[in-house]
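What follows is chain A paired twice: with chain B in the first complex and chain C in the second.
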Partner chain A sequence: MIQELNRIQQEVLQSVGNKFDKDLRHDKTKELRIKLKNAYIIDPYSIDEYIARDGYKALHKVLFSMTPDDVIEEVKKSGLKGRSGGGFPTGMKWSFVKKSDKQHYIIMNADEGESAATIDGVLMRQDPHCAIEGMIIAGFATGATIGYVYIRYEYPEAQRAMEHAIEQAIAKNLLGKNIMGSGVDFDIIMYRGAGAYICGEETSIISSIEGLRGNSKNKPPFPAIEGLFNKPTIINNVETLGIVPQILLNGGEWFASMGVPGSEGTKVFTLTGQLKEPKTVEVPLGTTIRELIELGGGMREGRQFKAFVTGSPNITMLGPNDIDMPIQFDTFKKRQVMVGSGGTVFLDDSTCLMHFMHFNVDLLAIESCGRCTPCRAGTRKMTQFFEKIIEGEATMDDLQKMKDLAEHMRDASLCGLGVAMGMTMYSALYSFEDEFVEHIRDKHCRCGKCFNEVAA
Partner chain B sequence: MEYTQEALQTFKEAIVPYKDRPDGLLPVVHIAQEQFRCVPVAAQKVIAEVMNVSVARVSGIVTFYDYFTMTPLGNHVIEVCVGTSCYMQESKHLLAVASEVLQVAPGETRADGEVSLRIGRCFGRCEHSPNVEIDHTMHLHVSEQELRQYLNNLEDHS
Partner chain C sequence: MKISMTINGNVVEAEQGQTVLDVLQVQQVDVPTLCYLKDLNDIAACRMCVAEVNGSRLQTTCTLEAADGMVVNTETERVNNSRKQTLELLASYHSFDCWTCPREKNCDLFDQMRLYNVDDVFKHSFELEGKELKLNESSSITLDSSKCVHCSSCIAVCDQIAGVGVLEYMERGYDSVISPVFGKGSLDEVNCIGCGLCTKVCPTAAIVERDHIKRVEAALDDPNTFVVAQIDPAVRAAIGEEFGYDIGTPVETYEGQIFGALQLMGFDDITTTNLAQDFAVVESAHELLHELAQPEDQNRFPLFSSCSAGWIRYAEQNHPEMLSHISTAKAPHMMQGSFVKNFIAHDVYGVDATKLFVVTISPCTAHKTEADRDDMVNDGLKNVDAVITTRELARMIQYARIDIDDVTPVTIESPLDHSANALAIPTVNGGLMEQILRTAQRQTGETPTQEIVYEPLQADSILFKATVMIQGQEVLVASAQGGKGMQDMMDYLAIQESNKAQGLPYEQFHYVEFMGCPGGCINGGGQPILREEYKSGLDVTTLRRRSLEQSIHYDNQYVPSNELVQFYKTKVKEVASPTAKRYLHTTYLDKSVINR
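Up next, the complex of A and B:
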């Protein structure tokens, strides 16, 4: 089989000319394209072009020369942490699955509910095989033989690319029964969501596939022990799985040599908001906010950088004083800021923070699944607080109440959607307490957006 | 709205292959939404019967997810993205413009059943914001003028 892969590789390399020599990095000094190495270069509908870029070689290596434990060790060595935002070590997550004769599952989280993030969308549309190969390897490492790709309905194009890639992989016996003659089976089922932010949360995905409302479930038991249909289940993000083949092909140490200790490797970011050139880039972790701004072409003409926001609607932020802060799991955590899934919003000094917060908190109130009171009622209450601020009716007492409510939501909500409110308020007040106070005590809006209109 | 026995029968045949799948409920609701442009109670009953679950459970799913509707979507579906990146590019204004031109409130279907105006929550094209999807065609970097033009063309042909 490896001969077959090599033959395809040679054939394609001879026929494509210099198509693969393109260098798409936006700024040749800072961008480092590992996960995006094929995006916009290969034809996503051609499995041969993927193979020509060393595709499915990692799978071959894994199936014929490694044990599941070897794979997990290699991923641990790489330092890879989940790219969905929480930053949970991937190798460790995989090792939680106890080998048993029960059916095991793996779920690729392709819900990408963060609005302002197109990382998983770009990967699936432009390089669908990398995530599929990563998923088969993850299945081998954890003993799963069925994989679900839970994809949001808003991504029909990504779904088409993935479905086509799955068909091609099956036709070449790289997926399905007895893969490459190794005796290993793995099947992939595409599963379409139906428009619910909470269905990106891992236990909600499980509810959704089980045909229930997309409410989250209590943990423990963790999905690795008791997940889909009560069977051991590993849930990983598209970007996380997409990098797995290259880690296995080039070794964990290779991946760990990029980025910084504790935040190894690269991360894809969608740079949006008030930048001159919003775009999707891939940089080593440890890159600073200032460097990201430069990659985005700088702030708009005549405007100053105000805030770097990660996530949305579950937002956390950093302010102007943090512009040289490197993007790392540990430094961010200290400031209660999430690295997030890679969706980022840059605000300039023309944006009123109260309006921006109101927009996001209102969205959370819409998306709250309603299962627990701290979040269901808390997100509504928080929206009303921001309305009061914008209309000039909030008091300093309300500000204290908001802080208390955010802390209560952090401590008492059942899932990450409500819990994150604590970090949201903490990070907003850390950098922008003066803007809150100006609005509430002095009835002054430095952007001239408040007090004369109803919240947009 | 009334549904013919025939339409319901066609639907039933389409979903029977899913009847023993433990993961089958969401896919069959999708099939209903596609066939009827909504998931009417009549279809919910068929689903409940075939999948051997209560109508309440089916209805619970239909009402939980934004994508499923109980009243039929219009012949034209316009979806303006108000995800965060598009919001930052003033897409709420585009939504207001669409609402005014089409004479329908955001999230609603016009009484004549011709158009539905939906609120999008990110199409994964954030670097090109603001984005609008019209009858499954994605339009990127949409200006107010372009939007008016697209919508007027729709109305001309309808």
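Up next, the complex of A and C:
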């Protein structure tokens, strides 16, 4: 089989000319394209071109020369942490699955609900095979023989690319029964969501695939123990799974050599907001916010950087004083900020933070599944508090209640959505408490956006 | 396996596999819960049961499995603040009209708000928002989502015990509402069987029985209306609980006062449904004997009972193909209503039947739907005009400002209640089936079987079967309780039917009794609410039985009363006569369209 892969590789390499030599990096010094190495270079509808770029070699190596534990060990060595935002070590997550004769599942989280993120979308549209290969490897490592791709409703193009890629992989016996003659089986089922943000949360995905309303479930039990159809289930993000083949092909140490200790490897970011050139880039972790701004062409003309926001609507933020902070799991965690899924929003000084917060908090209220009390009612109350601030009716008492409520939501909500609201408030108050107070106590909006009379 | 954990500073032993909440309950540490129902609902939605565990984010004890060395704190400031804030949030959209609320005295939200001294900060911060009152009335059940705390308990019992799953969340987030499935406007448009289980698990008054009190009050207020109350024995077994008597207190302790209160409220006659049961038993026994006499290929076996209104709804909605198997005898209280109005209004009450208003006081919420059926009308007169539950009766007594302790006890002296069979056994044992079997035996000159021995249909089954000899024939009977049980029974019967068709071994049942409520009428959907039953598994049925046990004289001979004989002679002529068929029997309708 490896001869077959090599033959295809040779054939393609001889016929594509210099197509693969393109360098798409935005800035040759800072960008580092690992996950995006194929994006916009190969034809996503050609499995041969993927193979020509060393595709499915990692799978071959894994199936014929490694045990599941070897795979997990290698992923642990790489330091890979989940790219969906939480930063949970992937190798460790895989090792939680207790091998048993029960059916195990892998779910690829392709719901990418964050409004500022188009990372998984780009990967699936431009390089669908990398995630498929990663998923099969993850299945081998955790004993799963069925994988679900939970893809968001709004991604029909990515879905087409994925479905086509799955068909091609099956036709080449890289997927399906007895893969490459190794005796290992793995099947992939595409499952399209219905467009709810909460259905990116892992337990909601499980409910959704089970045919139930997309509601979050309490953890523990964690999906690795009791997940889809009550069977052990591993849920990983597209970007996380997409890098797995290269880690196994080049070794964990290769991956760990990029980035910084504790935050190994690269991360794809979608830079959006008030930048000159919003775009999707891949940089090693440890890159600073200032460097990202530069990659985005700088802030708009005549405007000052105000805030770096990760995620949307599930946001946390850093302020002007943090502009040289490196993007790392540990430094961010210390400030209770999430690295996030890679969707980022840069705000300049023309944006009123109260309006921005109101927008996001309201989105969270709309997208809350409504199961647990703190989030169902808390998101709504928080929206109303921001309405009051914007209308100039809030009191300092209200600010205290907002703080208490945020704390409560973080402490007692059932899932990450409610918890995130607590973190959102914490990070906003950390950098911008003065702007809150200006609005509430002095009825002053430095951007001239609040209190109807000013706007009128 | 034993494990050891620290709870509020005390080292305690626990069992592996218990939840932390289980352990707390064993240790008698009070923890508030709203959404948790044992083995039914562990969705950890309300977040009231939280505790600090090993210094992490707060954990819900109802879902957290106890582990060796765990350190749990349930009474810290952080925990209490969190609970208080949760309650504040719930209060921020609750419509507080407690003084008119059916759950005024039995509301978990209210009790917990008082316990945690909630001062409702959010309503102080905003104009009172109160969720839009979304009343959703159906013939048995009323939903008021402005009182819902989103615990999902009703969804859980409807799905897992009633087995029909007709309640669901609609909308998302703050706008979530409990609603009939498919967003239908009323539970009557979906597969609801009216069993009322949902009303018994709701921590607030968001889901309650359909109100009939107003109907009854209007009748009582009208001087030209003669109002008759017919009380089901199961009501007598439980009404004391509404007035502070312990569950299981002998009925004699308070029953006289209840009758007295009914008199004070202006009921013109107070009677039981014993006569009704006599009628039902006699008519049904005749039906059974009639079928037993048919040649094998022409009988209707298995015959199905007809006394449970929840079962009739279930059958009409789900098994239209089986309707011909259901006994045509009306439910007892309906028979009695029909008989009283159409035959003896003049003789016994001296009033015109059109002036007669019959109220069934019932443990059952499905009876409400039954009373309003178009086919429960004879000669233009509704058989029963209103059905109030045990809970509604208690409320009416309160509304009338009657202090039950001050009421002089009275005994019923209804011209209708001279039945020698004032046994009340049927509602205690479950259904009327045993009486029907014994009566059939007696009618054929046999000695009624004293003790009917049941065995589970299959291992671990909630269904039971027994064999009784009638005229030398082995009569195989079975009994199913609760919506889920009814479903399982129908599935089981379908398997027998298909085995029979394929020539495989099968069981031929002759009579199957279906009861809409698990535990039978004594644990009906209109009985006093004791959420402990579902929170910790309290055996309400057995406890309630105790209240009747001392006062009921079991007579398994089941000899018909002189009254009954007399009534047949003078009014109905004969069992199963055309007159009986017209007034005491009914027909069933295919309502399965609701399912499609």
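Following the convention adopted for this analysis, the second predicted complex is superposed on the first by the 452 of 456 C-alpha atoms of A that agree within 3 Å, B and C clash if a C-alpha of one lies under 4 Å from a C-alpha of the other, contacts with A are read in each partner's own complex, and residues count from 1 in each chain.
By definition in this document, a residue touches a chain if its C-beta (ideal position, glycine included) is under 8 Å from a C-beta of that chain, and two chains touch if they have at least 3 such contacts.
Small disclaimer: the values here were computed from a predicted structure and weren't measured.
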Touched partner set for A:Ala365, first chain B, second chain C, both or neither: second
Contacts of A:Lys102 with chain B and chain C, given as first, second, both or neither: neither
Which superposed partner A:Ala377 touches (first chain B, second chain C, both, neither): second
Partner chain(s) touched by A:Leu405 [first = chain B, second = chain C, both, neither]: second
First (chain B), second (chain C), both or neither touched by A:His444: neither
Touched partner set for A:Leu414, first chain B, second chain C, both or neither: second
Touched partner set for A:Lys61, first chain B, second chain C, both or neither: neither
Comparison of chain B and chain C by chain A residues contacted: B
Touching partner for A:Tyr191 - first (chain B), second (chain C), both, neither: first
Chain B versus chain C as contact partner of A:Lys76, first or second or both or neither: neither
Chain A residues contacted in one complex by chain B, in the other by chain C: 196, 213
Residue ranges of chain B touching chain A (in the complex, touch as defined): 22-27, 29-30, 51, 53, 57, 60-61, 64-68, 83-88, 92, 120-129, 136
Chain A to chain B touching residues, read off their complex: 112-118, 120-122, 148, 153-156, 158, 189, 191-197, 208-214, 229, 270-274, 278-280, 312-313, 343, 345, 347, 351, 359-360, 363, 456
Footprint of chain C on chain A - complex, ascending: 196, 198, 213, 215, 217-218, 220, 365-374, 376-381, 384-385, 388, 398, 401, 404-405, 408, 410-414, 419
Parts of chain C lying in touch with chain A, wherever the complex brings them together: 42-47, 50, 57-58, 60, 63-65, 78, 81-82, 85-86, 89-90, 92-93, 121-122, 125-126, 149-150, 152, 168-169, 171-176
